[in-house]
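Look for chain A in each of the two complexes below; its partner is chain B in the first and chain C in the second.
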Partner chain A sequence: MSTPVTTKPAAAPATVKGGPGPAQRLTSYMPLIALAVLLAALTIADPEFLTQRSLTAASRTAAPLIVLAAGATLVVLCGGIDLSIAALASVSTVFLALWLPELGALATPAVILVAAAIGALQGVAHVLLRIPSFIVTLGGMSIFSAVALVVSDAGTVRVVDDSTIAWLDLYVGGYVPMSLTVAVIVVVLISVVLKVTPLHSWISATGYSESAARLAGTPVDLVKIGAFCVSGACAGLAAVMLVSRQFSGSPTMADNLLLPAVAAIVVGGTAITGGHGSVWRSLAGALVVTLLRVGLPIVGVPSAYEQILYGAIIVAAVALTLDRSKVLIIK
Partner chain B sequence: MSWRDAGPPAALVVIFVVFAALSSQFRSIDNVQNIMDAAAVLAVVTCGITFVLMMGSIDLSAAGVMGASALTVSLLVANNRNDNDLGILAIGVAVLVGAGFGCVSGLALVFLKVPSFMATLGVSAVGLGVATLMFAGVQPNISDAMLKSWAIERFLGFSHLTWIAAACLVVGWLIQRYTRLGRYAFAIGGAEEVLTLSGVRVQPYKIAVFTLAGAFYGLGGVMVTSQLGAGLVQAGDGYDFSAITAAVVGGTLLTGGRGGVLHSAVGVLLVVVLTNGLVQVGVSPYWQGGVQGLIVVAAVAAAVIPQRRRNQVVK
Partner chain C sequence: MSVHVDQEPTTSVPVPVPALEVRGLVKHYPGVKALDGVDLVVRQHEVLGLAGENGAGKSTLLKALVGLVRPDAGEIYVRGEPVKLRSVVEAANHGIGMVFQEQSLVPNLTAAENIVLGSEGIAVRRGLYRWNAMRRLAQEQLDKIGSSIDPLARTDTLSFADRQMVEIAKVLRIEERSQHPPVIILDEPTSVLESKEIETLFEQIRRLREFASVVFVSHRLDEVLDVCDRVTVLRGGQSVGEVATAGAVPGELHRMMIGSSGSDDHYHGNAAAPVLAEQPRLSVRGLSGKSFRDVDLDVAAGEIVAIVGVHGSGREDVCRALFGAEPTTAGEILMDGKKLELPGTRAACAAGIGYVPAERKTEGMVGPMSVAENMTLTKQKARCSGPLVAPKKQATLVDSWISRLSIRTPGRDTAIQRLSGGNQQKVVLARWLVGGDIKLLLLDHPTRGLDIGARSEVYRLMRELAGSGVATVLLADSLEEAIGMADRILVMNDGRVAAEVACPNGGKPSPLDLVKEMV
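Right after this comes the complex of A and B.
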């Protein structure tokens, strides 16, 4: 049986879209829009908010969060996750407080180096033992907490002489907190280093498609270890900022920064699936999270809602920024 | 039974014998009772998380869900904050609250396509927030006789909580072995694509598994409340990680499709015997979390060694 063959051309294959669709474009500006909306809403709720004094205070609280989020962003860009940043920062505050009397000015670089080394160690465990990054860092989280408890004997370690870290409490030009300046410098530094070296394409390739990146000769393992190392170093720097503000180190000091940091990364629009995103986005995300944190009491919402909000934000932001083309099966 | 399944029970026996040889305190009857009592809550939580892990997903929400259910039950039974006295009904409500949170995790996974570790991290935060709202600055101390007696009164040498945990393990095992839910949880972990291609709609089962897990965490929260005699926001602190450790050490693979409730029961005993034994031989209890962190990494690493060459991509 033969059917007349019509010479209708086959339906044009779905063409690859030239640019991002409207929805994608909207999500890529999401952090900036959220930032503007929040600022406007807070100013309406309390006209006092847009004064130099409260903005300075808000940006001081933002600094450690920005640093933590910026470091962990690199791990997320590689397609992994670092759940240990907060615990690592906590144990680093204890180390710093204990080392300041003996090492003085050298304590700061020492703590950052140790934190970087610990981060790199987690990266090595992830890469060599082939353990999923969230398990390595979840394990790391509880190990660091234990170390912090043992070293500090489960108490706060006071800093008597903080002259060597007090520079973080200064103000640039009288208004901009030094800690915020340092945080922004870190973000600039990371993004410039990524731009001028092949690192950016290596990280993106690892995040977008690890197998392809491997076949193309990308040093995937080293890139991942490097990302964890930077994430650790950032946790160490965040610890220095926290100690300079609180004049003490404590085994749980930074623990409540994990959720805000993860929220900052995903609200910024960095896809949890890897590849897509940047440290600038996390900077914007960290500012959004800080505004929410500072803003809730201004609007009169009890602080218990803060946690609920973080939870909702994380789920919503991940849902919006997820790269659905890549993961067919979500576990 | 393969050699793989024999590993964890053998390790349990070895560890028990080693600690018993090292410490006379450890091998006393009192201490064995302590171990079983300490294992009760962890066993219930691990039972729930096992189903999630069997699917190849992960659940970090136990701490938040347990906090919310602990506050729920302590405010509904006889307590010092209000005039409620719902008794056993309050426990049911608390378990339902847990199931509700689990259901939310499942819905976020299935409909929003949020990976489970992120969805449950979010749900955990929401649970802690809800618990803090209910806590409202004043600790609710419970005076309900039945709930209080769970932790104190003993039957055949073990506290009621231990027997409840044993009952939960039996129920969990029956669900895993004889219901469609249990079998599909295994199949989803083993080969989700194959299951989908065979025409099975996996989504409802995924939501159901997370709901079931949430119900177990809810009961866990109630049991902690019974132990503490008060509802605390931090009721579930650390249980999420301990439960993952116990399940993994017991032989449940994080990639899914292997393990089960009985494996997890052995894992729970391993974790509890190890922590108890270390304290008995004089190690600071602060190390407890660190030891769990080390063994979870070691256990996962040991489990992936056979597949090293196959799995080139690990996220």
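Right after this comes the complex of A and C.
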């Protein structure tokens, strides 16, 4: 430090205005509260629900959703959105099913790498061509779905020998599904990496105020491309989980996970405008969404109503969490 | 020239009640008093000029007049009646309308559609546009101001001057809401116009006087004197004087705007003149960009060079270009004699250049992030060991800067948006100091929106940094500030460097020396 700077302390007291109010504190615990309330409600509706068997089944369903939501959360934290995750996961299930016979154990890392590269490509298109992420990934979604249909001949690709991915279908200690364990590890990994490196500062700054981040010399473009890359990789990993459970790949296998994944992110309380949020929140959000999903039949609602519920959740969660004082014009 | 403060001429003829009167208007923003008891009288059928430096309170006053800002104290009278203006619509109902600085027309609609937009009246029946009625309505408005613009022309095909006419025609529709002559406010209407177009606009304003009162705001004092009957000068949120324009000269007006005190003493610490090395730290040759051409600029280590110029002189863009935030088309930038390529802001940061933007809240800081994160946002290495953030190193570093700059904050983890403006600015400045490698600081209005106490702390900090060898480029908030702080002043006019004025301690130029180069 070569700059000798000393300024005489002034007498005026520290001026500080408005910290987080009680209402804000409450919304920050919203996903956990929702989770507890849901668990209690479902247990009352069906005392059988709180058993090891149904919880295990529920957590197995949750795993791919957690992974998808965690990856896409990074893009949302940067202030963008990734609508292509489900379609990218679907096409990845097809690739995996097709590559397993030849590549064997290498097929899994290969699929994740390819998905990551595709994600990064979308990031590059977003950053270099200056197209809104919403449009880039909407286009991506359509393209990936079509590619999946073409390479799979519009049908399910069966996996005959699943020995190299069967480990994902095992249980840790006999109860905890391996896929859930992997999903939680992914969340921990992302969150730890963010915490111990400057990445957290960079991502938050980019999401809260891109112009301020740029003028501070933050590598905004790289951060965004990186977020899309991780989002893609997570879609690839989710695809591996799906294939290990279904013993096949299909061009539409993960398509119905897009809305639940977005719902998980916003229910978790990550701001759709960027900056505020975390992957932990999305983990909690994904569990809430999963409980709703498995809980609907228990309370007697036909599963056809599921999509209505997701739509309503997304709108309601954003309505509750959006800080409108920061957004002048809502587009 | 006659200068008289708030004195109505005593005549036997009863003075007509003013069209609009403002008494003791006060408006506080956090950390700053934008209006501090301002008084204003707009007589019927007169063109009143409003003059004042940046931050004098002009825009806040105008916004209060059209209901966009609610004053904390004070009264507004329309034709002698006290009124409360809570929205643009209420202001329009009282016959007050404003032509905004940023043009408010929708570019892909016709002039006629724009004119009726928002108060369609007979142009809409049963939810449907009646095109003929609309065109008639628009034509009537355009006839009022004697304009020959085709009401069916798309707005984006019109020249800036014609768009201005359409705006005026649109604003005149408030006549339909009130039986009295309206008050039309023109906020910097000439900033985008060519000189020929300005002449047309002035004719228009003189014509408006026949049936309306006009408040005219411009940075260009010659224009104010040309078109106005009377000028009210604002300084520091107060009206400091009125000038009848007949026979007045821009220099006199400017002296009132900046105050008679000249350059104030509190700018100077105990600063010695900088010791200039043979080779300047920053050397710019022939730099050209979108809004500036052929800019040459040298700044030595330890020197503070201020760039002054009116709105639109291009000095902000030069500053951003030196930080790689604005593209350049020609010219070169040398740091310590070495050529510097600045494709983006990261390259500039790596070269030891720091930039404090004028818009602190949106560009300078990231509000919800902590003091520590904001302070270390650029120089991540200063808080990391290897690729990892070292919490202890960060705490020591940030705390030491908090105490060195006496930043008043509950702690390093407090969100920066909870601090006062001056303390926020100190954190933004500290961002460039924590790396210990700062060579050149670009300060774009570093004291904007700060109160006197915070200002002098920023001044002291600038002096100390210069004393330690940092080269500084300053875009000052006022001429006074530029003269007080700078060792040398560059005057920019219309994208070019018009003059260079030495500004040593004991030999400071007067603001008027600079003004004559600025306009």
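As a convention for this text, the second predicted complex is superposed on the first by the 313 of 331 C-alpha atoms of A that agree within 3 Å, B and C clash if a C-alpha of one lies under 4 Å from a C-alpha of the other, contacts with A are read in each partner's own complex, and residues count from 1 in each chain.
The criterion applied here is as follows: a contact is a pair of C-beta atoms (placed from the backbone, for glycine too) under 8 Å apart; a residue touches a chain by one contact, two chains touch by 3 or more.
Given the structure is predicted, the values throughout are model-derived calculations rather than measurements.
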Which partner chains sit in contact with A:134 here, chain B, chain C, both or neither? Use first/second/both/neither.
first
I'd like to know which partner A:146 touches here: chain B for first, chain C for second, both or neither.
first
In the superposed arrangement, which partner chain does A:154 touch: chain B (first), chain C (second), both, or neither?
first
Identify the partner contact of A:126: answer first if only chain B is touched, second if only chain C is, both if each is, neither if none is.
first
By residue count, which of the two partners contacts chain A more extensively, chain B or chain C?
B
A:214 in the overlay: touching chain B, chain C, both, or neither? Say first, second, both or neither.
both
Both partners, chain B and chain C, contact chain A at residues 211, 214
Write out the stretch or stretches of chain A touching chain B in their complex.
79-81, 125-126, 129-136, 138-143, 145-147, 149-150, 154, 210-211, 214, 259, 262, 266, 272, 274, 302, 304-316, 318-319, 322, 324, 327-331
If you look only at chain B, which of its residues touch chain A in the complex?
55-58, 60, 64, 108-109, 112-119, 121-130, 132-133, 192-193, 238, 241, 244, 254, 256, 284, 286-294, 296-297, 300-301, 304, 308, 311-315
Which of the residues in chain C end up touching chain A in this complex?
30-31, 323, 325, 345-346, 348-350, 355, 357, 362-369, 373, 376-378, 380, 383-384, 387-389, 404-406, 408-410, 414, 418-420, 423, 431, 433, 436, 438, 453, 457, 460-461, 464-465, 468, 470
Write out the stretch or stretches of chain A touching chain C in their complex.
1-10, 12-19, 195-198, 201, 204-205, 208-209, 211-219, 275-276
